[in-house]
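Okay, so here's the structure we're looking at.
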Amino acid sequence: MGPLLELKQITKQYPTSFPLRGKGKGVEALRDVSLSIKEGEIIGLVGQSGSGKSTLGEIILQLEKPTEGHVMFAGKNLSTVSKKARKQMRRDIQMVFQDPYETMHPSFTVFDTIAEPLRIHGWRQKEQIRKKVYETLAQVELSPVEDYINRFPHELSGGQLQRIAIARAIVLNPRFLVADEPVSMLDVSIRAGILHLLKQLNDTFKLTMLYISHDLSTVSYLCDRLAVLYKGEIVEIGPTKKVLESPQHPYTQALLTAIPMFPHNRSVIV
Amino acid sequence: MITVRKASKNQLVRRILKDPFALIGLILLLLFLIVAIFANFLAPYDAYEIIRAENGEIKKLYTPSIEHPFGTTNIGRDLFSQVIFGTRTAISVGFIAALLVTFVGVMVGLISGYFGGITDIILMRIVDVFYAIPFIPFVIVLVALLKPSIWNVILAISLLSWRTVARIIRSQVLTIAKRPFIKAAIVSGAGHLRIMVRYILPSVLPIALLEMAFIVNSAIMTEASVSFLGLGDPNVISWGQILHTNFLTGHSQTAWWWVAPPGIAIVLLLLSIFFLTRSFEEVIHPRLKRRS
Amino acid sequence: SSEKGEKVADDELGELAPSFTVLTATPEENYITYEAMKMISEEWKKLGVDVTVQPMDFHAKVDRLWAPDERDYDAFTIGYSGRVERLDPDMFTYTIFHSSLAGPGGSNTTGLVNEEYDKYSKDQRHEMDPEKRRDLVFKAQEILADEVPVVSLYSNTLVHAYNHERFNELPAMAGEGVFNEWMPTEAEPLTDDKWLKIGGIQDLDTLNPIAAKSVFDWRQLRQIYDKLVRLNPQIEPVPSAAANWEVVNDKTIDVFLRPNMTFHDGKPVTVEDVKFSYEFMDKWNDGYLQAFLEPIESIELLGGETIRFHLTEAYAPFITATLTQIPILPKHIWEKVEGNPLDFANLEPIGSGPFVFEYWRRGEELKVSRNPDYYNNINVDGYIYRVYGQPEAVLSALRTGEIDTHADRLISAHIQQAENIEHISTIEVADIGFEYLGLNLRRAPFDNEAFRQALALTIDYDTILDVYLEGYGTKGGPGLVIQPANEFWHNPAAHQPIFDPKKARDILREAGYNWDSEGKLRLPVN
Amino acid sequence: MVSFIVKRFIQSLITLLVVATLIFFMFRLMPGDMTAALIDPSIAKEARDQVIKQYGLDQSIWSQYLIFLQDLLKFDFGQSFYYKRSTLAVLSDKFLATIILMFSSMVVAYGFGVFGGALIAWKRGSFLDLFWTTFALIFRSAPTFWVGLLAIYVFSVTLGWLPHSGIRSPGYDAKHSFDLFFSVDFLRHLLLPTIVTGLFYLATPLLLMRNTMIDVLGEDYIEMARAKGLRERRILFHHAMRNALLPVVTAGALFIGSALGGQVMIEYVFSWPGLGQEMILAAQRHDYPLAQTAFLLMAGLIMMMNVFADIIYAFLDPRITYK
Amino acid sequence: MLQVNDLYVNYKRDNNKAYVIQNLSMKIRRGERLGLVGESGCGKTTLARALLRLLSPNAVISSGQILLDGEDLLALSKEQMRKKRGKEIAFIPQNAMNALNPVHRIRDQLIELLYEHTSMPKKKALETIRAAIHSVDIHERHLNDYPHQLSGGMKQRIIIAMTLMLQPTLIIADEPTTALDVIVQQNILHKLRTMQEALNSALLFISHDLALVSSFCHTIVVMYGGKIMETCRMEQFLARASHPYSIGLQYASPNFSMNGEALITIPGMPPKLTELSKGCQFHERCPFVSDKCVSVEPKLQQIAEGHKVACHYVSEAQRFRREAKEIATWERRR
């Protein structure tokens, strides 16, 4: 069985729109990135800010078109699929974004937010929709469901919102999930919950995931494999443990030392 | 960043109740609306009726009295009735023009901002062209061209005013379209139409509503100006026209009761809308909130 | 149902009187006419006539009335302004009613065709004896009163104000009021500031007397350019640049030029200049002066100061209209003008008139100073003609003392206000211009004389005068074109401004009209 | 920078051309043609035909349009039907009068608006804030012509402090043309219309400035400036206002368009011999070429102001680079 | 050096009041780096602003004392306070991206600080700012740049250079690196530390990143719901954190242990602060809650030298630390 998702030599150039980036040549956000992800795997993508992590995620979701290269999903080239297949693709690949508040339409209730993908994909029966929404909310461990169903985003905490964002992403039973820094905006005290949840989804539904982060510590917690992106290129890739324990690329090494860590012996070395 | 919240309805009500100016604005506006709707019942005379005293003499230039609260014109027309019917004209011109303008402006702004690219460029160049046209002269010429009628005044106002709305909505759409919840919608598989109608439109609506209020005012003002120049609809009484007739017949420095009421009516109506919009603005743009 | 109570079924009656539209003035163009026509139409509706009143932009209306191809209108209101040359009855009797001009584009807008009338109106043109001519004009007026192709609605009283602290009473003239040809030269300053300031709402359009076509141009240019003859305040022709003249016969007139006159640039005024001016004007002018020049066959210089005009036919208005209108141009300047002299801006006009041009700031003001070499005495140092946006501003200027007098008549409402100003006095004179209702006789229902007479009886002349004009004017009447102010030519016996709707019904009934059960007017059956 | 200006300029020219086209066709559709003005019972039909021919009115509208475009490229705006002179010559003085009034009232509106807006944002919620916003909104709600008439009545007619109309006293003898527009006498005439117009437009910059200022005052760099221990005045003028000015400038350029058009009313009431006055007259007289040119001049002016505002903007905001 | 006594701050809102800082007392000594951690919205920034007296107009310091070298800042006139800001008290804001005025050159923004607080001649001032930005490894040609021409890290370094230029005795850094990359963050903290040590000034370091604080500061203050929950020296905190919230925070931080221990989540939401609470601020989320916690407010009590905790059950801290490792413990409160 081949990989579920395959990135083939993806290059992405943004036309320059920033004054200082020089004329003519665009910003090269990604250069020749290839990556394949097996079904059921969680792969982590780390890298410095601006290294192209989000861009990669957006290319997978067809929110951006790669300048070169293409994305293969379940054996199909996503940039050439038919309209119908594209709609199917929208069910199969989902995304969770960094800022949970910003990804919710401010005037949609929780129910609307989660029911929206169902409606888009042709669910008509009210009762069915309701059932599915409740079920999904339960899956993301928001209970009692009734408490949340009629709330607006600003009436919820960040952690709750992120759960709802995940609920929205999984309500269509996708096969692949891109999570772009889903916890970086959240307080430490509630981060773990979201990470647990993602892990759980992976376990129970074999949901394949691309987990994007700049924070090595959460990656190590969640991911099977780890890819390090540096200036638009994948400089290192391998099983998480291996990469963390013996980083090969200087950037990975620098990254590792830069992470603020509790002093190992738990006594201060100030 | 402007955000729409369902709760803002309550917030708006609360704001208005708390802000004495907005409250005054609301009461005034409601008053004007009532006057406009029930003009037929409220006006004691027809706007153009020439009123004669019992001895058959025409009541020329009567100063205000109980019978004629705003006095009469030089040929015995009841100014109170004229001002009341003028209210109806002002309100209808204002609101009809504003609805038209807002509709067109929002459509253009939405399409331009959402699709971007060449569509945006073309639409925005058209907006530029319309921005280069001086407003009142255009209305004057167009109205003269199409015959002075109230509908043509509305049309002329609308033909130009949408430029502002389109521009503002477009920039609003641009910021909203960049917001992650639009991306989230795309990811969920929503099409262009759905995104525009269900996601972007509600978010720009408050701004559109705000702009609409300004258009109401500018339309009323423009109609008054055009009518004051004598280019308005001669068969529809309006505040501007009352002042025009006064000026034309040379009574502007003597018959104060003829000059003051329509002018004050314009001031009050526009002011009431301004006061309301200010409260509204504070709700949709919370930073403006007075911190007391 | 008829008044006598006889039941006549509707279908036995004649056809419904055709509905018609009156093209009238917009309130801005003429508020009084606009309101008056509104009132009149109400009266007509009571008479059972289906009438629509349509205010129409002046230009569009003129376009329609004088359209070169067809006469597409039912009735209209319009006015003639009281220019001085219109004191001569020719225009009001011949030009606008003679049947030869009734075709498309012609000036006979009502389409009056009446042989007897044609004869009188034509003959008066050629009658050089004023008394005899007057008889003819009187006859013509009687026919007009009967035929009612037009109903005069009213004529204004010209009221002007002046600052009596700065100037002695200013001379007024019928038709022109205070800002007439004589006023600037005759005004007597009472203070040391001898500059006369005149306000007006109309700027002149050009300084070129050939291209000039509006009264507003002429009122100024005639002070710079002298003319052979002028009409005095009593409307009699008096010598101006001409020392005298002599009617040799019906077709020959000799004019004797006043000696020792100079242009403002110091060059002498010669008979050559006069001949040149008339010929030059004839050649180029395409405005209304043309009509006055047409009868001239040739101009002969008899030596010395004598100029002889040969006419193609006897032309009664020659002295009062032609000689009083044509400006004397300096030949040495105008013969050098290249290209079409109509396009010549003439930014520094040189004439031989009482005032010397100083400057003109378009839209703002014109300044002229006294010509010290002028043959008549002038009391002021000069005058400034100042342009304002609207009458209101003129009144304010009078009030603040910014101007001493003004060119356009005061609107009714301003008269009282002006009189209340301490330093202001007013002068009233009658106008010879008038506003009228014109009926297109070519079309039903106006093709019936009785109908027209009846209409004339439904006009409330009193209300128009008392309310709309606030008393400042004179009443109109059926067929009234030569106004009472034009005392010599006006036939007081001809016209009766009567408001009597009942009589109107009687006339209609007598003429076979009837009313149906709904009160609508039905045409006579024949 | 230069290429940016050139580019904007060319863009403006194209816009102007479109505006010109729009205006051209608009005027051709007017009922009643200009020859109506010439009609007099005594004028010959031939004379009228001649005029029609002279102005090419007998040709098809498309060929008229072509001629119009050609002339435009030659900078020939045509002859006024009414004045029989080049329209540009007729309008040149008026243009100046309009521009001066526009600028002076914009200076008043923007001067008071920008500083006042900054001040009331600084003291928002205070009586001062309430007073100024209400004051500005009252004047924004009152038609200029109405306020103008009242002002004339009070300050000119009753109190006699200022002239009631026109741009110079009658008989004002200018020593040179500069004197015509910059004398005390002229300034006295300018004062009342300027104030009335300025007051009307005051609300726009005032409230816009107030709002953006409030936004700016919430920005982190203002907090930083405070934390640096800078004086309030320096924070207000040096840090906050400079930034708040940016959107106000942009809005100002767009706003000129409606302001310029709205000035028509003031010119009318104050007998100010400007473009607006002339344009109303021209429209009434069906003098297309003149109205057209007036329109184009206004449009041109608006476009110029837009380019100008862009340049100022770029000057004020270093983040803008010319592309 | 800096001593805060019984500080209360509240915000007036449209229709209620938020008691954001309650009964807060703390101390920083010269040369000391004190880390202030706490959840978003617990009042960290408010405290920083209160120290600078830069609170928004609707905030009220209802009581308390802020003593800087024995002088009560709250008693100073506005003008006196202004003179202290920037000179004696430096403030490094969270968001360097926006803390520099976009329309002025870097040089002007640096130099105005000198002009404001000193009477330095221009030449000297230029020298000073040059030296200042050299000290944070930025080339002096950037002095002529506008902020948008610099990267976020550079801007943050410039701000550090700027605020430390006048050698303040107290530095308040409000999450100075949150918006930055880890590598950049490391670099900047290094700079900050060097300079602070050189100046021997006190540093109040605000952050929500426990790992960062633990490796950077001498002492720590854990704040929750406007109150101090625990304060102690860092080694005490790492070894014997005693407040359930502190403990929870530790086990929720992935950096705390890379050994695959399950991370915990503190369920629930932070308190709303609109009412003065009766009991412990944390009781709603605390897995070890008792009735007493709900009704009686625990006092901040000293349990060891320099170690204070606001919990009724400090004696059971040992058990708390053990049980808190387990996810199940925290699940109890869902």
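General observations
To keep things simple, chains are lettered A, B, C, D and E as they appear, and every chain counts its residues starting from 1.
Rule of thumb we're sticking to: a contact is a pair of C-beta atoms (placed from the backbone, for glycine too) under 8 Å apart; a residue touches a chain by one contact, two chains touch by 3 or more.
As the structure is a computational prediction, the values presented were derived from the model and not from experiment.
Two chain pairs, B-D and D-E, are compared here, and B-D has more C-beta pairs in contact (counted per touch definition above).
Of all chains, the one whose mean C-alpha position sits at the greatest distance from that of subunit B is E. Ranking every chain by how far its Cα centroid lies from the centroid of subunit C, the top place goes to E.
Computed centre separation for the pair subunit A/subunit D is 54 angstrom, with centres defined by C-alpha atoms.
Once the centre of each chain is set as its mean CA position, subunit A and subunit E turn out to be 31 Å apart.
Per-chain Cα centroids separate subunit B from subunit C by 45 Å. Within subunit E, residues 148 each touch two or more of the remaining chains. Taken residue by residue, subunit B touches two or more other chains at 144, 247, 252-253, 291-292, whereas all remaining positions touch fewer.
Contacts with at least two other chains are made by residues 19 of subunit A. Note for the complex: subunit B touches subunit A at residues 3-7, 179-181, 183-191, 194, 199, 202-203. Taken together, the subunit E residues at the contact with subunit A in this complex read 33, 39-40, 148-149, 180-183, 185-186, 208-212, 214-218, 233-235, 238-239, 248-250, 252-258, 260, 262-267, 269-270, 327.
On the side of subunit C, the complex with subunit B involves touching residues 26-28, 31, 34-35, 38-39, 55, 57, 390-392, 395-396, 411-414, 417, 463, 467-468, 470. Interface residues of subunit D facing subunit E in the complex, by the touch rule stated above, are 219-221, 223-231, 234, 238-239, 242-243, 316-319. For subunit B in complex with subunit D, the residues that touch the partner chain are 21, 125, 128-129, 131-138, 140-142, 144-145, 147, 164, 167, 217-218, 221, 224-225, 228-229, 240, 243, 247, 252-253, 259, 263, 266-271, 274-275, 278, 281, 285, 287-288, 290-292.
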